[in-house]
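You will see two complexes here that share subunit A, one where it goes with subunit B and one where it goes with subunit C.
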Partner chain A sequence: MQKISAVAGVVILEMIRRKDVYVLFFLTALITLVLGSVDLFGDAKIARYLKEVCLTLMWMSSVIIAVFTAARQIPVERESRTLFPLLAKPITRSEVMLGKFLGCWLACCISLAAFYLLFALISGIREQHWPLANYFQAFWLHCLFSGIVVALTLLGSVWFTAVSSNATIVLSCVVGMLLLGRHLHKVAVKAGGIAGHFLDGLYFSLPHLEWFDVRDLIIHNWPRMDWTIVGQDTLYACAYAGCFLALACWRFRRQPIH
Partner chain B sequence: MGFSTPIAITMTNCASIEPILSTENLRVEYAALSGSAGNSREPKVALKGLSLSVYRGEVFGFLGPNGAGKTTTMNVLLGFTSATSGKASLFGTDVRQPISRQRIGYLPELTYYYKFLTAEELLRFYAKIFNIPKAQREERIRQVLHRVDLEHAARRPIRTYSKGMQQRIGIAQALINDPDLLILDEPTSGLDPVGRMEVRHLIQRLKQEGKTVFFSSHELGEVETVCDRVGILAQGELKALGPVQELLAPGERSLEQAFLRIIGYQAQEETLCKKSPLSLAS
Partner chain C sequence: MSSSAKAPPPTSSPVPLLGIAGLLLTVSLLTALRLHPVHYEIQARRPDADDLLARLLGDGRRLFANHFYVKADAYFHSGFYPTIFDDRQSHQTAHIAEDAGLAEGKNTGDEEQFLGTVANWVDGHGRNHFPSVHTHLDNDAPEAAGGAEREILPWLTLSSKLDPNLVENYSVGAFWLRKLGKYAEAEHFVRKGLEANPGNPELLFELGRCRLDLKDTLRARNIWEMAWEAWKKRDGSKDAAEQNRFTVNQILMHLALAEFRLHKQEDCLRWLEVAVPLSVSPEAIRKRISEVKAGQPFEAIDPPNAAGEASDHDHDHSAHDHGHDHPHPPAAKP
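== the complex of A and B ==
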C-alpha cells in the first residue's frame, strides 16, 4: 500500500506543479463567479438556468481534467524513460497502475471538491439556502464518475500508443455514453433484429455514466436522494472501475518495456 | 597484475557459492517492426543463448560494441523484457518476481528523472518504494546525496540540473536502498573526464564495501583498471569471459587490442590499413 500511495503522491505533486490544470480550473471558477454575481431581477428561472450552465461547465472541465491527466501518465513515463528506474525497484506493474489510478482519481476529487465548494458558497450566499446533503451527494457521484473515467483512460493508455488518440477516443466514448446511454435501449427496441440485440448488449454492458449526473438535485433544490441509492451507485462505479483497472493491469504486465 | 591474487581467491570460492546474478541460455528475440525498412519478417535476435554468472564482491565489466545486446541483457535481468527462452535470476530468485529487485540498484543508460521533483523528493519517493522505514529514510537520503555531492542542490527541481548532476542523481537513486548488487548501464557514457573518473572511484569504493557491481561500458581503459572479470559480448553472443589478464593474447598490451580481436574487428582494421596509403595519396 505504501508503494501505491507513493506513486499516487507523485501524480498529485505533478498535477499541482504543472500549470495547465490551473488554467482550466481558474477559467471555470471565474465563470462560476461571474455568473454567480449577476443578479437578473432575482428571477428564479434565470437563476436556475445560470446554475445549470455553471454545473455543465464543471462537468465538462472535470471530464477534461480526468482524461488528460490519466492519459499522459504511462505514455509520458515511458517516453521520458522514468519508468525504467521505477520498475527496476521492487514494485509490480499492477502497483504502478493502481498508484497512477489513485493519484489521478484523488487529483480529480480535489479539484471537484474545490469546484463544489465554490459553487455551494456562491449559490448559498445568493439563495440563503444550504442543502449540504445534496451537494455532498452530487459531489460524491461526480467523484465516482471521475473514477470510472480515469480507469477507462488508463486502460486506453496501455492500449493505444499515442496520448492524443487515446484521449480523443476516451473523451468521445465518455461524452457519447453520457448523452446517449439512456436512449440506447429505446433505440434498440425500435431497431429490432440483430442491430437491436447489439444495441441492447451495449446498453446492458456499458457503464451508465448518466446515472452519476445528478445536477438536477442542486439546480432544482430537489430533496436529497436515498442514501442506499448512493451506496448502490458506489458499488456500481467500483465494479466498472475495477474491471477497467484489472484489464489495464493485465495488459500493462504483459507489455515489454523498451 | 595487482588484481591477480584476489581474483584467484574469488574464483576458487565461486565454485561453492551461489551466483548473485546469473543467466542460463538466455535468448531474446524482438518482434520485427512492421514499418521498418527491408523485407525481413523474421524477429531480430538480440541475445543468442547467453550464460553468465556474477559472484558476490566482484566488479564485472560487460563489454561489447553498440548493439551487442548489453542493454537487452540488463532489461531481462530487471524484468522489463521477458526472455524468449532461458533463465535469469538475481540472488537466486527468478527475475520475474519483483522481490528479486529488493537488493539491487540500477542506473539506466539514458534517463531523465521526474523533472518537477527535487532531488530530495525523488529519493524519498524511491525510498518508499523500497519500504525503507520512515525513521531511516531521511538519514539515508542525506547519506546518498552526500555521497554524490548533491547536498547543495537537494531542494532544487531536477529540471534545473546539468547533465553531470542528472547522472549523479541517477547514481544516488541506485544507492538509496544500500544495494548488494549494482547494475549500471554505461555509467560513464556522455560524461566529461572528471565525471568519468568520479564514477570509476565510486565503483572502486563500492567494491571496497563488499558490493557486487555489474556494469556495461565502452570505455575500455576504465574497465581495465576497475574490473575483476570482464565478459565480451558481440552480436548477442558471449565471445570471451574472464579476468582481463587472461583475455590478453601474447603480445597484446591493452584490453582494447584484445577487445578488437575478440569481436573480430581485425579484418576490417587491416583493410583500413591497406586503404590508408590511398587516402593519404589523394
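== the complex of A and C ==
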C-alpha cells in the first residue's frame, strides 16, 4: 500500500503543478459569475439556470480532467523513459497501475471538491438555501463517476498506442453513455431483432454512468436521495472500476515496455 | 567577454523609427475619423449588431430558440420531462402555454406515465437519479411556494433573443410575470415582442391582459379591439381550418368582458354575437348571451379546451390539471 500511495502522491503533485485544473476552475467561475450578473426582470432570486450552467461546466471540466490526467500517465512515463527506473525498484506493475489510478482519482476528487465548494457558495448566496447533504451526495456520485472514467482511461492507455486516440475514444464512450445510457433499452425494444439484442446486451453490460449524474435533482431542489441508493451506486461503481483496473493490470503485466 | 558577446548590435538613432511610428499613428487616427461615420451608418442598418448571440450565430440562432422554449417547460416540471426517446403525446403543447390559456391544448395521454412501467432493475434503479414525479412549479413542485415560476423566465428570455419572431415566448413570459405580480415587466416584455412582431394579435391580446390586470379596462378594451382588427387582417381571409380560432375567441370573449366591466351591456352582447360564428361551441356563447340579457353577471369563460373557447382563469391557476378535466375558474367580478 505504501508503494501505491507513493506513486499516487507523485500523480497528485503533478496535477498540482499543471495548470489545466486552475484554468478550468477559473473559466467555470468566470462564466457562472458573468451569467449571474445578468438582470432578469429585476428578480435576484432566479437561480436554477445559474445552477444548471455551473453544474454543466463542472461536469465538462471533470470529464476533461479525469480523461486527460489518466490518459497521459503510462504513455508519458514510457516516452520520457522514467518508467524503466520506476519498474527497476521493488514495485510490481500492478502496484504502479493501482498507484496511478489512486493518484488520478484523488486528484479528480480534490478538484471536484473545489468545484462543488464554488457551486455551493454561488447557489447558497443566490437561493439562501444550503442543502449540504444533497450537495455531498452529488459530489460523492461525481467522484464515483470519475473513478470509473479514470479506470477506463487507464485501461485504454495500455491498450491504445497514442494518448490522443485513447482520450478521444474514452470521451466518446463516456459522453455517449451519459446521453444515451438511460434510453438504450427503449431503442432496443423498438429496433427488435439482432440489433435489439445487441443494444440490450450493451444496456446491461456497459456501466450506467448517467446514474452518477444527479444534476436535475440538485438544480430543481428535489429532496435528497435515499442513502441506500447511494450505497448501491458506490458498490456498482467499485465493481466496474475494479473490473477495468484488473483488466488494465493484466494487460500492463503482459505488455512489453520497450 | 561573454557579456560583450551577448550585447545587442549597435543600431542607428531611434529618431527615424519613432518618426515613422508617429506618422503611422497619425494616419490611423485620420483614417478612423474618416471611416467612423461610414461604419456607424452600416451598424445602424443592422439592429442586432450589438447582440452577441446574433453576432456569433447569425440567423442560425433561430434553430435553438424552440429548444430553450421547451427547456422553460421542462423547468416548469422541475426536470420531469420526456426526451425524444419517451412518449411525448402528453407534452405536444407546452404546459406553460396551455396552463396560461395562451395555446390550444393538443396533449393526449397521461403526462405522469410517459416513462412507462419499470422495464427492469437497471431502469428501476436509474429512476432514483432523476426527477420521476410529475409536478408543476406553481403548484406541487419541491419548494413551489414563493414564486418558483420565476425559474422559467431566463429560458424564455434567451429563446426570445434567439428568435424574436417566436411570439409564444413573449405571451407566455408575460403571463407568468403577471402571475408573479410583475405587471410593469410583463408589459415591457410584451412591448418588446410587439417591436419585433408589429400588430401581432396574440401579443396585442396579451398586452390587453396586462392593462386589465392594472385595472385599466378602457385601454385593455381598445387594445383588444386592435387585436381583433389585426386578427381579421391576418386570418380573416383564410379558410376556417387555417384560422387561429383559439386566439380570436379569447380576444372576443375578453372584449365582451371589458365592455361588461365598463357597463356597456349592448357592446358586450355585440361582441358575443360576433363570437358565435367563430366559436367551435356556439351553444355555449348563446347561453352566455341569454345570461347577460337576463341581467346575470358576465362570468369568466371556461378554460381552453378542445372546443377552443377562451379563458380568463389567470386568477386561480393552481388547481389546473391541463389536458384533462379542467376545474372551472372563479367568476371574473365585473
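The rule is simple: the second predicted complex is superposed on the first by the 248 of 258 C-alpha atoms of A that agree within 3 Å, B and C clash if a C-alpha of one lies under 4 Å from a C-alpha of the other, contacts with A are read in each partner's own complex, and residues count from 1 in each chain.
Here is the rule we use: a contact is a pair of C-beta atoms (placed from the backbone, for glycine too) under 8 Å apart; a residue touches a chain by one contact, two chains touch by 3 or more.
Keep in mind that this is a model prediction, so the values were computed, not measured.
Once the complexes are laid over each other on subunit A, subunit B and subunit C both fit without any clash. In the superposition on chain A, A:Q2 makes contact with subunit B only, while subunit C stays out of contact range. Of the two partner chains placed around the shared chain by superposition, subunit C is the only one that A:I46 touches, whereas subunit B remains out of contact. Look at A:P256: by the touch rule set out above, it reaches subunit B but stays clear of subunit C.
In the overlay built on the shared chain, the residue A:D213 is in contact with subunit C alone; subunit B does not reach it. Once both structures are fitted onto chain A, a short way to say it is that subunit B and subunit C open up an angle of 150° at subunit A, using Cα centres and rounding to the nearest 10. Of the two partner chains, subunit B is the only one that A:R18 touches; subunit C does not reach it. In the superposition on chain A, contact of A:T92 is made with subunit B only, not with subunit C.
In the superposition on chain A, the chain among subunit B and subunit C reaching more residues of subunit A is C.
Judged by the touch definition given at the top, the superposed model places A:H185 against subunit C, while subunit B stays out of reach. Of all C-alpha pairs spanning subunit B and subunit C in the superposed arrangement, the closest lie 19 Å apart. Comparing the two interfaces of subunit A, the one with subunit B and the one with subunit C have no residue in common. Note for the complex: subunit A touches subunit C at residues 38, 40-43, 45-49, 129, 182-183, 185-187, 203-204, 208, 210-214, 216-217, 219-223, 225-226, 229, 232. Contact residues on subunit A toward subunit B in their complex (touch as defined above): 2-3, 5-7, 9-10, 13-14, 17-18, 80-82, 84-92, 256-258.
On the side of subunit B, the complex with subunit A involves touching residues 75, 78-82, 98-102, 104, 106-108, 110-114, 116-117, 121, 125-126, 128-131, 170, 173-174, 177, 183. Those residues of subunit C lying in contact with subunit A across their complex are 75, 78-79, 83, 85-86, 119-120, 122-123, 125-126, 128-131, 141-143, 147, 150-151, 153-155, 157, 177, 180, 182, 185, 189.
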